[in-house]
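Two complexes come next, and they have one chain in common, chain A, joined by chain B in the first and chain C in the second.
Right after this comes the complex of A and B.
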């Protein structure tokens, strides 16, 4: 995209440069005028707050009126790094983000491969694969609460158990991971399917002549061809998962005993229940750094391997 | 498999292999369908059960005495109806404003190639990576200073801001698809630049505008987190917030109306996805990955 979008128009040295420059200035003015209505809200409610938020991380700001805010340097960071609650939330967040992303990818790849075959009932699966994407996250959360409900839920009834899934210390996290996979799988499937359909047929025909097994075809043609799509969607999934909030908030509110308190839920509580705005902002900064580091490492390794 | 001509003698072996391969494939497909469908079926089943049946132990898949009373009960809940109305207002306002603001900007992005373009695209990516908490705390403070906390215009402003990057990106794809030659032809015919945009470009953009309107509407209708922070007074809450409050302490009796209301809250998105489903597979998402 960037390569085509930014290619400069070929220079035409013969024409009068002054006239061109004036026309160029007019075009620039026009462009700014057209962009302005979009730039104002983005600057006011998005870029501005982001920079402000990064600034807050280095203060003792409280989320209340009439509080004298002062600069405290890295105090919030040292507090954060010695906060046991943060570390357990961080650990849970990492387990959640990595396992949901990995399971989402594996499940979505399997489904995409199936949907790419000429199977009957493919249409049913195709429609179903889009439904979770279309549902409001809150409804997804409520629906799964009905599934996991200790008395009225279907899961206990099917398994013949009497487990309070979302309130069990060791089962709550796996239970919400399943919901995370269910929620995010469809989008990943659609993207991978689009990628699969973009693999040139000639490549398969060429190896078909050599009598390559389906497994070899998958390993040597499909996967390498899909690689850019896979890298893009798993990166996005990871970012979305680590920043997940609404779904888990509706399911468990971080309980039981903080067993499903993802970093964003922790930050939300710090900011809006205990009103430690500066501390919560530092938590946001720390998470942004972690996400950028993980993504950077991942993309760097992928680039190195393709070279 | 189709379309590749094979020598006739090879056919039987191919077919047998095919069947052997097909069985596990169908089993896998069935497993996926079950996994994807069962929570949905359960939601529907719960929505059709009477309160008496909800109280029984050993819930069953198929309601013993199916009823639509949960749906009418949900309509009888003042909170839910009011919240749905507010959600509708917020989503409509957000969608219209987003498109009005994005339309000129997307035209500029598509037609004038400049640094700003790259910055805008970069911002779309950056805004994905940064945790919301970094934005939402200062945003809350700004809205509080503007007296917009607990007001619907405040939430609309936030929704417009956060739908804009993707809406811009969607729309400029549609603008790009309109050949600049058409505009040039119009201006050769004596039309002013503005006129040529209005009479030539705008009609061709109609499908893109509809898609963007729908997308923005759904994003706002479904949105939970910003609403949670901006609207703290139950009297102004939107539907997702009210649904969550509606659950309250784990009372079994209200689960039926809750399921019914949840189903109804999903209808707008389902309509949207039914409309754009064909596009999803090809253009939209293929582009999303490249972008």
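Right after this comes the complex of A and C.
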């Protein structure tokens, strides 16, 4: 692309249009040729499976050996919309995704501001803050299961209580939300910290001369300057959180009584436990649409406000 | 930047959606094919988990491998927690083990889906006659094409018994039930009431310190209430499922089904003879409280005797009592099974291995290792599992009350159990809903679930 951009402009306007058209066609061809190596894996490993999954959503496919799959149109969608379990799972998924994202953001912002100060052992503290990032979700799940263990758990022995956190109908969801926040904090903190370091020092110096309080400095300089970073990281966090699977699967497997059955766990159960592959695909498609809608709305509003 | 991240988000989601869906029907081989003269290799997925049982399983596999150089079996360790998820993916991907250990409730789904081999014509006569017909009934299922087939060899069965604290039982002065003359449910509730009192509760693990506290007659560990409730419900003829003239199966909760539900609920909330702390616990969790004399009787599967025998503090005496009887002493039976994958390349060799693995002598070893009841008649006569020690006599005698659990053949039972019955029964035993709500939800929500499987 850069090579073609430096081509000298044609001298004559009439001959030029034809030549330019031809050059444009060749340029497009070259572009496709150069992009091909990158496009093949994308088509093979993302677009292909994606289209296959969307296709499955309109069939009655089952994970069985002797089932004739046939096209059923929107049957799966109508079933889904009238499925009470789906709606309760959807509600739980939304509570989970919104609260984890919000709490993650609040906690990570606090931590990032702290780590941005000139503290002693700042390097060590920064390293410690990203430790949860280095752990796979399954390990985090196992670790927190020990923390919440009704008899041998640290939490119960510290609080002096005897609560079965992960098996209690009303406590299970808050308990896993805490784990979700803990898990997602490092990447949010790192991104916000990077954003904080990009805020020009002159702005702070200027308001300091004007005698602004720390709170006003934060409100009128730090937050507006961080805005693009905040929008990016909260949207990504939201997507990550609503698609969370491994962590919750290890912690509760969706129990007790479906109180922590996030949409992805629900889809997994439908596909691999009850073997309704078509129905589960429709669930995946529906969740994708919902997330895109929520994100679209959020990003659109944010962009309009910035403009 | 923002649009890019939105696009990235879309891609991530799309991928996740695509990953959520699996294809159907893998056909590839499950074990590597072998040239003539080379040893046939079989994978054996075992779910044994108790130490003695794992040892017994491995021992039998070793013995087989030594005696049969032509058919080499690899022991693969699985777990009851996720075996069915694992099998669904392995079957779909064509990598399932040749010989599969599972339990009969799981087989009906796999059989109807065509993943398991119908063993009808392959069973050696000796094996077939050694295991009585009622046990074979627990593994005979609809093949998904209108016929019936045998999809596993049943080998270990579980029955419910009552494990009791001998000291408290004797002190209460109630009649001690025997396999020939068990308690009725009325007598059982009466006995539980008699054993409910303020009494010294052991506070230290050494058993020396005590303090006075509320003692209970019985403890119901109802974290997973469905199978236990359904199996006991047969005492009063409660089947929970009925099949109409049109062949459709529906849920039913009538007076027969309500009996056991109501009686357990009464012990908890009317008689207050059942320890409320045990309610949310898994079967083995109440044991520490049992050893502290907090409650006197623990209704449980026969296998729990193993943990009682192993964990009981010195000097703690316990006995095994037969389960109470209602209008009958019948209990629903499920069996542990060995099946062969439809896609196995060496089904005949796999059958030979199963026939050896489950002969009378080996079944006795397995039963002893898992503290369960063997289906083999030869094994059941083995002196090591009929003696008085550790309640084996009562446990083995209870085998005669086992009948096929009616829910075994219900398509969609697994989904009914986890989506409807488990939360409903948990809420009922926690006294959050009435028995009429239970009946309503089990039937209405349950029929909706079953509907999906009968289209």
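Definition applied: the second predicted complex is superposed on the first by the 259 of 307 C-alpha atoms of A that agree within 3 Å, B and C clash if a C-alpha of one lies under 4 Å from a C-alpha of the other, contacts with A are read in each partner's own complex, and residues count from 1 in each chain.
Keep this in mind: contacts are C-beta pairs under 8 Å (C-beta built on N, C-alpha and C of every residue); 3 or more make two chains touch, one makes a residue touch a chain.
On a predicted model such as this, the values are computed, not experimentally measured, just so you know.
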Touching partner for A:256 - first (chain B), second (chain C), both, neither: second
Residue contacts on chain A - larger count, chain B or chain C: B
Partner chain in contact with A:67 - chain B first, chain C second, else both or neither: second
Touching partner for A:285 - first (chain B), second (chain C), both, neither: both
Contacts of A:220 with chain B and chain C, given as first, second, both or neither: neither
Touched partner set for A:132, first chain B, second chain C, both or neither: first
Which of chain B and chain C A:52 touches, first, second, both or neither: both
Chain B versus chain C as contact partner of A:193, first or second or both or neither: first
Which superposed partner A:271 touches (first chain B, second chain C, both, neither): both
Partner chain in contact with A:85 - chain B first, chain C second, else both or neither: second
Overlapping contact positions on chain A, where the chain C interface meets the chain B interface: 46, 49-50, 52-54, 56-57, 63, 65, 228, 232, 236, 239, 243, 264, 267-268, 271-272, 277, 280-281, 283-285, 287-288, 291-292, 295
Chain B residues touching chain A - in the complex, by the definition given at the top: 1-2, 4, 21-22, 25-26, 28-29, 32-33, 35-40, 42-43, 45-46, 54, 57-61, 100-102, 104-105, 107-109, 112-114, 116-118, 121, 123, 127-142, 144, 157-158, 160-162, 164-165, 168, 221-222, 224-225, 228-229, 240, 243-244, 247, 250, 252, 255, 258-259, 262-263, 265-266, 269-270, 272-273, 277, 280-282, 285-286, 288-291
Contact set on chain C toward chain A in their complex: 1-3, 5-6, 8-25, 84-85, 88-89, 91-92, 109, 112-115, 144-145, 223, 280, 342, 412, 414-415, 418-419, 422-423, 426-427, 445, 452
Residue ranges of chain A in contact with chain B within the complex: 1-2, 5-9, 27-28, 30-31, 33-35, 37-39, 41-42, 44-50, 52-54, 56-57, 63, 65, 107, 110-111, 114, 117-122, 124-125, 127-139, 141-147, 149, 151-154, 157, 182, 186, 190-191, 193-195, 197-198, 205, 208, 214, 228-229, 232-233, 236, 239-240, 242-243, 245-246, 249-250, 263-264, 267-268, 271-272, 277, 280-281, 283-285, 287-288, 291-292, 295
Complex interface listing, chain A residues touching chain C: 46, 49-50, 52-54, 56-57, 61-67, 69, 84-85, 164, 167, 228, 231-232, 235-236, 239, 243, 256-258, 264, 267-269, 271-278, 280-281, 283-285, 287-288, 291-292, 295-296, 299, 302-303
